[in-house]
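There are two complexes below, and they share chain A, which is joined by chain B in the first and by chain C in the second.
Up next is the complex of A and B:
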């Protein structure tokens, strides 16, 4: 930008320019070329266009998913330059953590934010993960809706196959430059370097550079993207994201550097990798009729009975046979032969049967001990508490809620509490009030736990709350994965977890009050002990020495009772 | 459903079933199979998986946009059965209105909601539009991201090419049945009937039936979709949508029937079609660097100068030459030869130039007269007012805001005002508080217009507000098009329109108060006139006749002054 200093860093160049060219009216409003404000009704002024159907047909076209999300990039979290920086870093870090954990590697991630010009940054995220097989690199970074996680029922950070290619697309849109990727799958294999752009019209990668390079790492992936962005500190910043990521991923070490800032190392606090979440099959109650019909066509099973056992979780051969009987279908029938009407009978029979709840070894919560450790590391508080709820289910999807709290100490007392939201250990920084987690917090009655709470708002007090939801499929309210949709089952579990936290904080507050009350009483009594001494001295005709001895005894007794009542 | 009566109509069968199988704990919570709540840290228990990169590569797959939206159907407005019914009807009606207007036909639309079973409905939407060319029918109804509106810059209800095929996909998912379409493009052409399903894995239509049929209509399209749904009356119902659609589309006649309800006809109040919105080219300030680079590749123009003039709006040959000079590029250069570095220079030169604002004949607002007529037809109020603001611009996109108000009369006085939100004449029924329009209303200071207003909320009083935004690209907060994103330019225009409405309402309230005050004064004076008569009679020694004459004169004078001060 040569023409004008960008005074508002939240504006893109485009918006700045629009500010320039528009004629401002005296009241500061902007007005485009005026047109007659009243649309004239076209009475009889237009005949029916006979060729309208043909004209429309000529315009019909396929819209590639890249074109769609380019035009709707705010749906992916690329609304403005500040958020774009966060979203791009987030997508890359999420992928790195997923990749390391899948391979059983303790993650070590280097995140760099390099300023390369005015409102231009290059982000660089490098991991020590397993690396990416050469021929997969172009599609993973250069094609939207491509990935390994969408079709499996298993907990992971990424789930859509959109994130990182969207970041690369946004970089290309704003700087004209593609993503640079370096990856290596083993010390005995070469490292590959790619420069990739996206053909948005085809939603396909264009390979600009593809070569072998020298790389010091034995395995891992490094992605670099240049983009129009704004770097800011404070809430919802990249700094904030990195810190919260470290909090929810205590097994990861993150090296973080930003142009002009001292580099930081956020070291892991545990060498234990999270429990590995296992992939599961769909639960029969999660399936919809249309989906069942497709599964019947796609299955490799030779009989209906086998199909139900093999393609679903929690269906035993006996239950499967019962379902076939209920549906009045032969258990030996070929699945692909099932007609629509029969599929509906089968669907009804499934829904009238009883099954065990879905298996939950597909979930990997942070765990209460690590939440506690993380909170203690980050805050100097009086009391810490954490809880991991037992797994529950929404729409056939297993999920598990955990919550942690730090209270008192150095935390500021007169402000709304700080709320950290996580989904599968990923910090959620935007759309706080549209999120189930916030709903769970505001719907909890904190007053009964001795905390102030304005109606329908976060409680007020020296408190930090942390909530994480682990699920095989987190129902986000948009593709940008910023907030969790309001499923009643999820909100209920969040509230139950928070109530446990609330009870512990409440017990502490009560104990603390009791203590304060006792201290007040003691200092009150202490004040009068000398007077009691004087009175006794007069009444019992004691000498000074005896008086002093009695005062000492009284003080001593008080001290003992204080220890007994106040400090236990 | 044979097993259990669906007592909660907001639950799908799946949810009901989940309620059944889960073991409820005494506190009413649901618990899945318990697992150890503490994840065990796997110290040294797992070696690095050497084949992780290969295992992941084997799982990498393309995700079709249909699969993506099947799993994320809440993003499209198909969260629950009640909303699904509304969304499906809305998408079909929007398409019908667009089609009629494009062809210059006064819309006549038949909407039917037919109950076919428990929680099963068939919707039927038939229009008198231009019809759809035979070979386009399967893709329009059986492929997501396919349409004629996405690639044009022009005001229309549909813009994404997702809506109607998503409705058809939801129907298929919940009932296993595809969409049925009948269409005819002229009285001399046959009517075609299709039954179509979507191959979600390929995002492509499967044609089940394709035949010619007898049809009474000379031209038009009829779409029928069977789906799992719940029909309810009241706010955010299909009834509500139909009524609001009639309000914002006074040129349309809608026949509306629901199983078990008397059929209704909502007749048009004007025979004038809306001003036809024209298609425009992108404005140079709306273009981003990546987009500019693609346009340079795609253009049919032979020179750079010609490219800028031909592919953008508001670029004259002279301005184009200036831009080339500023960018230090030859105006005769072939656009496809422009290198990335040169494209960036060109981009900077464009952004350092001045252009006229985008043309606004691409917009078609409802118009203040028709808004007034609509409000008068629907409400018995004391005062009506409407305003259409001049066009404005956000991110290069022209838009125009209009607002209407009805105040007093039969409207309830002690409740928050009713707010109708429209985008390109389409009623927005969900996510009210996340919408720019609501933000515009709550940010307006209604107290200065003599209305009560709780902090940050809608004003309270006997008032109905209507706001419509007309734009070539409405920035919705999600694919389901329920709320408008918070662009400051848009919120500002909404506020300016509402302030005009506020001033008119305020003037009415003040006049009304003055009138009430005057009436009070008059009745007060009236009461004392006879006493004045008696006093005068005594003081001036008048007879009864004279006294009576004076009282009459006084009453007469009062009456005249009342007409003068109160009723003008």
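Up next is the complex of A and C:
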């Protein structure tokens, strides 16, 4: 998956396809197959070909977003009821956190999982964010591929505009019920309550209820979706997700309740909001041909030279001119008139040019202090360590790796270590072994840090590892965003971060071993010296007093030498 | 072998340690290193001798366990010698179960300590009161062993031709035995299977010899028995083992010159008059024997002996033979001769080989 290429760094492949289809058919339907031009049959098989073309034309029809979704729901993380519950919660929580941070509000999020029937749950996610402007609400929750994060390049959790509407579509498809949204943008504004369904044929919202309601919160948004789901505990459960989210978002407080369980409060460990990620323009190396072509059509620039300078980072007018020359295109050409063949020349010319690395100040890592705080809050361990690596770049995209470790204490010792993976603070719960974070862990030689490690596997020991990758564009291996692709630059940074953690843990283990060794040696004296006495007594026919003298003297001699040399 | 007053030796050593402790010194014991690196081979003497390198075990916090165990093993030995009793290695291991924290958890641990004590006093373990469980080896052929009846102390004449399809077993202690024989040579055989075949066809009668089954690497009693018999009756000893590095380097070499582990005793437990009948690498070619490929462990063993074994290093002929086998990359078992007919070994192989003992490997 390493070479997966997307034309828009903010979109995964599926989203891109959907998006492009959407542009062709603004009513939201998708062509199952592109309409082929009038068939041009060979003269000798005219009738056969024509029949085939007619038959195929008869089969060709528009398929709706919902059909596409139903057939491809695994791509979006709805492949089974257990995962569907997790994905729905995850999308809502991601949105809430993003919204709060954008508005500079310390997030306070209430997550509820309410059992309403057999295999049927209602999830409820409420935040204290800025709220959503009234007329945007139906589109955000009732139209796939609608969102604010589509066309920006900056670090955020959601990148799509598909997640929460996909969750409401899944709810609608499995229960027939639409999403319920309450939102308020200020204490002097009324709260709005909506019940929305998706017109799956048109990919447009149908508003069932739209009313003003009383709401105690001055601002914020509450989403409720009923869906077919299974609630389970353990690994990859919603509980797991909530805990890990709290770990990676130490500035957020999460109230979490599940039917039949005592409610929990995971309170924030810091009042500081994370550094606001800056929006950046794409770096020339990170751009693919498809995206380049789109940008050429969308740009406001009047000339090709201006387009490159204005819409990309790190392109100076002079470099831009060079690129145009290399591509054999006029620098004054109107960008929208660039033909596909010419775009390809331009693309090649870009990749044959040299640019400065992209700016990295756009990233917002968790930070080592907060990782430490988070780990300390959640685990009772002997030693904690965290590191934030300096930013680095892969294929024109800036990224930054952080790692944290907790070792010893109450953590279970004889099992493979627990590995928590995060991408832009979002926990990754599935496809552990296909992820470059896991690869970074297994490729690190933990044996040199005094930990056991079966070949090609996670190390074994009382340890929790946490790795977060912050990037404007995290390269996931698939559309469901479960694993990070194996870019060598990324794996390298992960390993460097882990090695720092490893060194720290190893120092602790060594110290600890030394202490236990010393204790063991003292107990050796207590255990075995009496036997020296017994044996000599037997051989030399000594009396009890002499035996005692042997034991006492010898103990004394050994203790003294141990203190003197500091080791034996 | 000269009889040593082991009880006295033990008391002397214990006393030394006791004095050291009272003088507030850390007592120490010196043991000869028991491995191939610490032996030399003098063909005039005919066995592996200790080079005299020693390891010193000083009583420290790290060695206190082994030190205590060694002393308790010595105390046990003294008790055995005093009461004229014996204990097998296994029994000694079980006795240690009364030693509380100083007990052994597995028999190899107690065996090692026993070997240390044995080497420390440079006596064989039988004199310390410890006897091995290992079986001595089987005898068939023209030999009368003179033993004594334990109850009446009367001489017992054991005729080794009179065991039918069975065989006489070499006892664990052989020092008191006497021999009568008309045989011309001793044929020492690695496997029980080959021994059975030769006994079955009364080969000892045909060839006028004494057949001895070694059962792998020969026990000390077996080596001592062959040595005493061969010395006493001036008999040559021909060794017939598998054609592989284990047969050459471990079985034959241990029989002839002793082992690295018990080097302090090799003087008594070796058979310098032994020579190697087969199966040689040349036999594999001459007799067109079916073979198996050498395993990695075989090749490692062969290379190791070419590099480290003082006996092999002394004999060019053995270096040539072992190198040849490694080069051929195969090994052949004694019983591979059956490929040419079950009694090929009796009718052809042995007569042909025995016609030229001067060609045997040293």
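The rule is simple: the second predicted complex is superposed on the first by the 407 of 568 C-alpha atoms of A that agree within 3 Å, B and C clash if a C-alpha of one lies under 4 Å from a C-alpha of the other, contacts with A are read in each partner's own complex, and residues count from 1 in each chain.
Methods note: a residue touches a chain if its C-beta (ideal position, glycine included) is under 8 Å from a C-beta of that chain, and two chains touch if they have at least 3 such contacts.
No experiment lies behind these values; they were computed from the predicted model shown.
Once the two complexes are laid over each other on the shared chain, residue contacts for A:105 go to chain B alone; chain C is not touched.
Of the two partner chains placed by superposition, A:235 touches none, neither chain B nor chain C. Applying the stated contact rule after C-alpha superposition, one finds that A:528 touches chain C and leaves chain B untouched. In the superposition on chain A, A:557 contacts chain C only, with no contact to chain B. Put chain B and chain C next to each other and count what each touches on chain A; the higher total goes to B. In the superposition on chain A, A:545 contacts neither chain B nor chain C. Using the contact criterion defined above for the overlaid structures, shared-chain residue A:285 touches chain B, although it does not reach chain C. Of the two partner chains placed around the shared chain by superposition, chain B is the only one that A:271 touches, whereas chain C remains out of contact.
Of the two partner chains placed around the shared chain by superposition, chain B is the only one that A:356 touches, whereas chain C remains out of contact. Of the residues of chain A, not a single one touches chain B in one of the two structures and chain C in the other.
Interface of chain C with chain A (complex): residues 10-11, 14-15, 17-18, 21-22, 24-26, 59-62, 64-65, 67-69, 71-72, 74-75, 78-79, 99-102.
Partner chain C is touched in their complex by these residues of chain A: 521-522, 524-525, 527-529, 531-532, 534-536, 538-540, 542, 549-550, 553-554, 556-558, 561-562, 568.
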